[in-house]
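Structures are listed in the sections that come next.
Both complexes below contain subunit A, partnered by subunit B and then by subunit C.
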Partner chain A sequence: MLSYNFKYELKILLRSRWIQLLSIVLLLLFGFSALNGKQKVEKRKKDITAAHDEVKENDAMMLKLLDSVERGMEVSASRWTIPTSPMAVGNYHPRVAAMEPQPMAFMATGQADLFTHYVKPKVTGDDVALNFTEMTSPVQLLFGSFDLAFVIVYLLPLLIIAFSYNVLSSEKESGSLRLLAAQPIGIRTWVLQKLGLRFFWLSILVVGSLIVVFLVLDLNPFAQFNLFLGLLGLILVYMLFWFALAFLVNLWTGSSSKNAVALIGVWVLFVLLVPSVLNQLGNTLYPMPSRTLMINEMRSLKAEATKKQDEILDNFLRDHPEYAINDTTQFRGFYHRYMASQKIIKEELSPLVNSYEEQLQKQQEWIGLFKWISPAIITQESLNQMAGTSTGDYENFRNQVVDFAGTWREHFMPFLYNNTVFSQADYPNLPSFQFKPKTHSSSQAIPILFLVSLGLFGLGFVVSKGIKKGGILETN
Partner chain B sequence: MILKTFQKETKELLRDGRVRISVIIVLLLLGVAVWISAKQYQNINEQYEAAKIAERAIWDNQGEKNPHSAAHYGTYAFKPKYPLSLVDQGVDKFAGTSIFLEAHKRNEAQFSAAADQTGLARFGDLTPDFILLFIIPLLIILLGYNSFTKEREMGTLTLLKSQGISNWKWLLGKWLALFFPIFCLTALLFLIAGILLGNLNDFGVFNSSSLLMMFVVYVGYYIIFINIVLLISARTKKSGISLVVSLCVWIIACLAAPKAASNIAETKHPYPTRQEFAANVLKDKKEGLDGHNPWSKEAKLLEEEVLKKYGVDSLHQLPFNFDGYRMQKGEEHEAEVYFKHYNYLKNQYTQQADVYQSLAAISPYLPTRFLSMAIAHTDYATHWDFADAAEEYRIATQKFLNDNFAENSEYGNWGYRADASFWKSLPTFDYDPPELGSILSRNTSNLGILGLWLATSFGLLLFTTKTV
Partner chain C sequence: MIITNNLTKLYGEQTALDHLNLSVKEGEIYCLLGANGAGKTTTINLLLGFIEPTSGSAFINQLNVQESQRDTKRFLAYIPENLMLYPSLTAVENLDYFSGIAGKTLSTSALKELLQEAGLQPEAFDKRISTFSKGMRQKVGIAIALAKDAKALLLDEPTSGLDPQASNEFGSLLQKLRTKGVATLMATHDLFRAKEVATHIGIMKDGQLKQQFTADDISLSELEKAYLDTVEYKELAL
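Moving on to the complex of A and B:
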């Protein structure tokens, strides 16, 4: 019976031009979205390279200036930008702290349009003032990006729904169900076979068109073979989940349009409503402290610190004698006081600043717990993690940059408090930033989604046994 | 006959369990969404008031200080939330809420809410605009997809034709039956919003004509959807197919087109990165006068010019402190540089907006979204407006401080301190968003596109149903 079904199904799909239509639609959707992703990643790479080049150029100029000064020549730069002053190097010649894209970054925009991919921390200024958001039009952020993840999470289920909502009901409506009922096959097995075959063909089309698109766009899928396999696995189990739902709804045998309405309702629930309600609840349960009030707090601390800056500097040098170990001049200028005050302000602000990361962490954990309600969230999250564009990835980058900003600052402290000048010989010792991508624990998304789908199929068998006693042939 | 059709269709809708359940769900969602937004609005505005007062106190109490030190010390401009954000949150979540106003630098608004949220925030929020823009069109599809196809499927079409009813009357009856519940639902929501807003303590810039205009825009949007759904229903043979086609239209208009538009707009007219922008500004700044640098070529030129103008031969003989004067001139140059670069950004956005408008040809969602945000003061243009006002205030503040420095001290006296009471005389920053009239005239093209959609969809509907 399976082989009959197989042949018949293929014929019907080809004759109704479903397969042809789906291949074109899939190729177009995957093609457009992958192209968008690729362009974004290329721009990101180009921006980072340009930033590095700029630093190189500036460094060459700095070394030239240093050379001139060391040889006792007159230089035309403003007094406070001459790089013999360690603070000038720290402020006007910052390093690039960049987050290079991961190999699969083109797949999911995730938070990539919201956050910047490189910053240049200076010795002055606060860590909180480091702006990690990118300069984008908010309209763009509001609408989001047409990326592969959008096609997979939002549109693929809709294609599946359009592909399978009337498997059984159309037979009933066209009257061929009576003929089928005379065949030696259980109705559930028959629906399962039919949907299984559709799943099979759709999988082939999806995998095929993905490979074609990747090859055409020169995004070699086999270079990162493990990641690519992971992607395919994820897409397939996500599809399986929607087919399982379609199976359940089909067995319930309303009219075709009732089925479609039910499936669309489930889609709206899983893809639109559950994520937004979860997000809203997360925000309500673990509200972010107000940023405007944080500014107030920071300002009052600063006002306080400026008033007592001499005292702060004395205490600071008492606590950190190592900074001024070779100082013979005992000269104390603006920067000596400023850096000492900054340190105090930073320490006092840190509980407040950390509270943001903590709340975000808590929201994240909360969502981690409840994301299993909606396979759309799981899939989107897994895709973002594969692409290295999830919230966690950017948090990781932020923390690394703040650490680096600390290292950069610390590097110049001995220079400042010893009143030593920065020389050409010190140049090679400048710290540089190396981004370490976050390693995500291997995703449980695939096995869990797989089990859930199997469970749904099982449920279909068990439940329909009870209901269908009356017989599916009876008209409603 | 129109009335009879209307009555029959309405009765049928009322009897249908699906319809009852979905209307109840939509109402429930709306209730929750309005409640959440109202709470958020109050919360944020309380914080805004507190922050504004605290920041002003910090500024007023800075004690004796050199005016230019005070300029570097700076102050903050905070962006309030506007009453109609209760209905449409727009881009508020993605735009910064506070701008640091300091000497020599125009800063961008910082701390957008989205940056402090998890990735889930990108799926969207449960807000009234989400329901108004996405869910109600879906409800229209649900109510109307089988309006004509059912007559075919049940075989009542022939009976109907034998009644001698003219097609347009029949159509109008069906149209009204679909329009009426949607109209009631929307009217109810806007009525509740109006009552809620009317009861808020600080009325703000809320006026009822804005709310009414918004209502009109949404009703127009729903009429377009009703027309499309009925058109599809009249042209297809089976209810199932009609439903799937209508859903495709919904997906393309509400989900796919905006995202595609945003991608196309970005590739065609990209923004510079934050660092690039800063580097470009710095480059232009270097080419002009730097208020802090008396040795540069530009500073020497300015010196000569001023000396000549006042007919004296040394800066000490000037009736004001030249340091303060130069500082102000430098400030003016820098302001010009920022003006140029921010104008470039605006220009890029104007071109992006054109892309959005051209894609509005396949999506009535786009003009509605932009109009609704604009009326609610939660669109990008209002954000620009606020940022520009803050910049104007910053420039005025710098002049206020530099003038005090120049007038009250003599050349070379960097030790000058302004009185502790001086800071209080700086005017406060007040920003009023644009009025409804100017918003509408700014959005005439969006209004036009929406009107075009209305006219075309009505025309097509009348034209095609002649031959059902």
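Moving on to the complex of A and C:
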């Protein structure tokens, strides 16, 4: 039976123009979404390059100024910006801490439209004040990005539903099922083969369209072959899940209209409702503390610290005798007091900042616990991880930037407290940021979705056995 | 070849078929007559295994239909009232598909021979079924039966909606199958066609087989009277 189904299913699909229509639709959807993603990645790269170029230009200016000062020449610059002051270098010549896009970043916007991809931590800024948010149109955020992940997670299931909802019911409604059922075949096996063949042809079209789109847009899919294989694997098991659902619904319900409503209902549930309900529940169960409260608290702490700066500085120098010993002038100015108080402020603020981190962590744990309810969530999450745009990736970037901000600050402390000037010779020793992408543990989504799909196929067989004999031939 | 023993089907309190005992031997054409709801289609559905009997049993080629559904279907061909095939496939392709899934692999020339034997015009062989009339589709159905080398043929109102010429051609095809030893059970309202093609005729009412005749032993007018008496046809009531 399989060889005949294989031979004639393709003919029927070709003659009904399904294959042609799907090819065009997939090429358009994949093409447009991949192009969108590519443009976003290019803009991101351009922004990072521009930031690096700006630093290079500033550095060139700084080195010129240093050279002039070191030669004993007069320089026409504000006193507090002359780079012989370590604080001037730390504040006015920061390095770029950039999160370079990963090779598959074009695939999923993920958190990329919410967070910035480069930060310039200054020596006087505090970690919590580092701004990682991106200026984005709220309308764009409302509707989301038309990226490849959107097409795969949201639109592909709709195409599968349109392609498979009436495999059995159309035979019932046209009357050909009675002739089929009079043959020595099992109707369930026949439905399974028909859906299996449609899955096979759609998979060919999806993989083919993706390769064509990637090649046309110069996104060489074979450069990151393992990632590309992972992507295909994920798409195929996600498609298999929807075909398994279609199998279950085809055998369970009756008429084409009921099947369509049932499948669309499941789509709404898994793709729209579950993710938004989980998100809402996460926010309700683990609400974030007020940001205004945190800012007020931060300001009052800073004001307190300012009042006690002399005392704080004395304590700081007691803790760091190396700074007091090496300095013959013992000059103490604004920055000495300021930098000494920063540590105190950071310590005082940490419970408040940690409460944010903890609540965010709890929200993420909550979603992580229940994400398995919806295949759409785990597929989206896996795609984001492949693209390097997941929450974890941005969290990793933020942590690296905070670490680097500390390194940057600490680099200038000996200069400041020893009252030594910054010179051209010190320039090559300035710390620089090197982003280390997060390595995700291998995705569990593929085996889990595969097992769920097998379970649904099995359930389909069990459920259809429970249907009264002959019921499968009746149009409900 | 086709045997039913006290075959009974109840839908709740309603009796669709009541202890039907029937036997159609090789080379016989048994026509079941009866008004709508008499139990003709229920009998065919039970013989096809589409529904389960409440009691009794049915046999095709000595195999119990309920116990060996798939095996009995190897010997069985079925043509419903409206034979629906795949409209985007041609006659040859439809025949190839249905005979293929039934386990018969045939060459294109063999398929065309079968279609010719079923009376289909050669120019229609490679045309899509969507362009076919009901009579032409019935011929493809007969070709499927021929391809399967069916021992038993079940027909449910096969001539309804056919024009007289097509109906006559269909009758001739049944005679051809009869000479090959096929046992045919045909449910129909068409008394004239039944008298013409059948070897045996039964009249059903309320799920019961009320009368049986050998076709040669009864004239058309006698059959008509017997039918009307059995189904209690009341002209005034209409």
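Note that the second predicted complex is superposed on the first by the 467 of 476 C-alpha atoms of A that agree within 3 Å, B and C clash if a C-alpha of one lies under 4 Å from a C-alpha of the other, contacts with A are read in each partner's own complex, and residues count from 1 in each chain.
As a convention for this text, a contact is a pair of C-beta atoms (placed from the backbone, for glycine too) under 8 Å apart; a residue touches a chain by one contact, two chains touch by 3 or more.
Note that the structure is predicted; figures quoted are calculated from it, not measured.
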Contacts of A:N226 with subunit B and subunit C, given as first, second, both or neither: neither
Touched partner set for A:R15, first subunit B, second subunit C, both or neither: second
Partner chain in contact with A:S441 - subunit B first, subunit C second, else both or neither: neither
Touched partner set for A:N429, first subunit B, second subunit C, both or neither: neither
Partner chain in contact with A:Q183 - subunit B first, subunit C second, else both or neither: second
Contacts of A:Y4 with subunit B and subunit C, given as first, second, both or neither: second
If touched residues of subunit A are counted for subunit B and for subunit C, the larger one: B
Subunit B partner contacts - residues on subunit A that touch it in the complex: 32, 36, 39, 43, 47, 50-51, 54, 78-79, 110-111, 114-120, 131-146, 150, 154-155, 158, 162, 165-166, 169-170, 255-258, 260-261, 264-265, 268, 271-273, 275-280, 282-284, 288, 290-293, 295-296, 299-300, 303, 307, 356, 360, 363-364, 367, 376-377, 380-381, 384, 390-391
Contact footprint of subunit A on subunit C as seen in their complex: 45, 48-52, 70-71, 73-74, 76-78, 80, 82-86, 88-89, 93, 96-98, 100-103, 141, 144, 154
Of subunit A, residues touching subunit C in the complex: 1, 3-5, 7-8, 11-12, 15-16, 174-176, 178-186, 190, 468-470, 473
Complex interface listing, subunit B residues touching subunit A: 18, 22, 29, 36, 47-48, 50-51, 54-55, 58, 61-63, 76, 78, 90-91, 93-98, 108, 110-126, 130, 134-135, 138, 142, 145-146, 238-240, 242-244, 247-248, 251, 255-256, 258-263, 265-267, 270-277, 279, 290, 292-293, 295-296, 345, 349, 352, 356, 379-380, 383
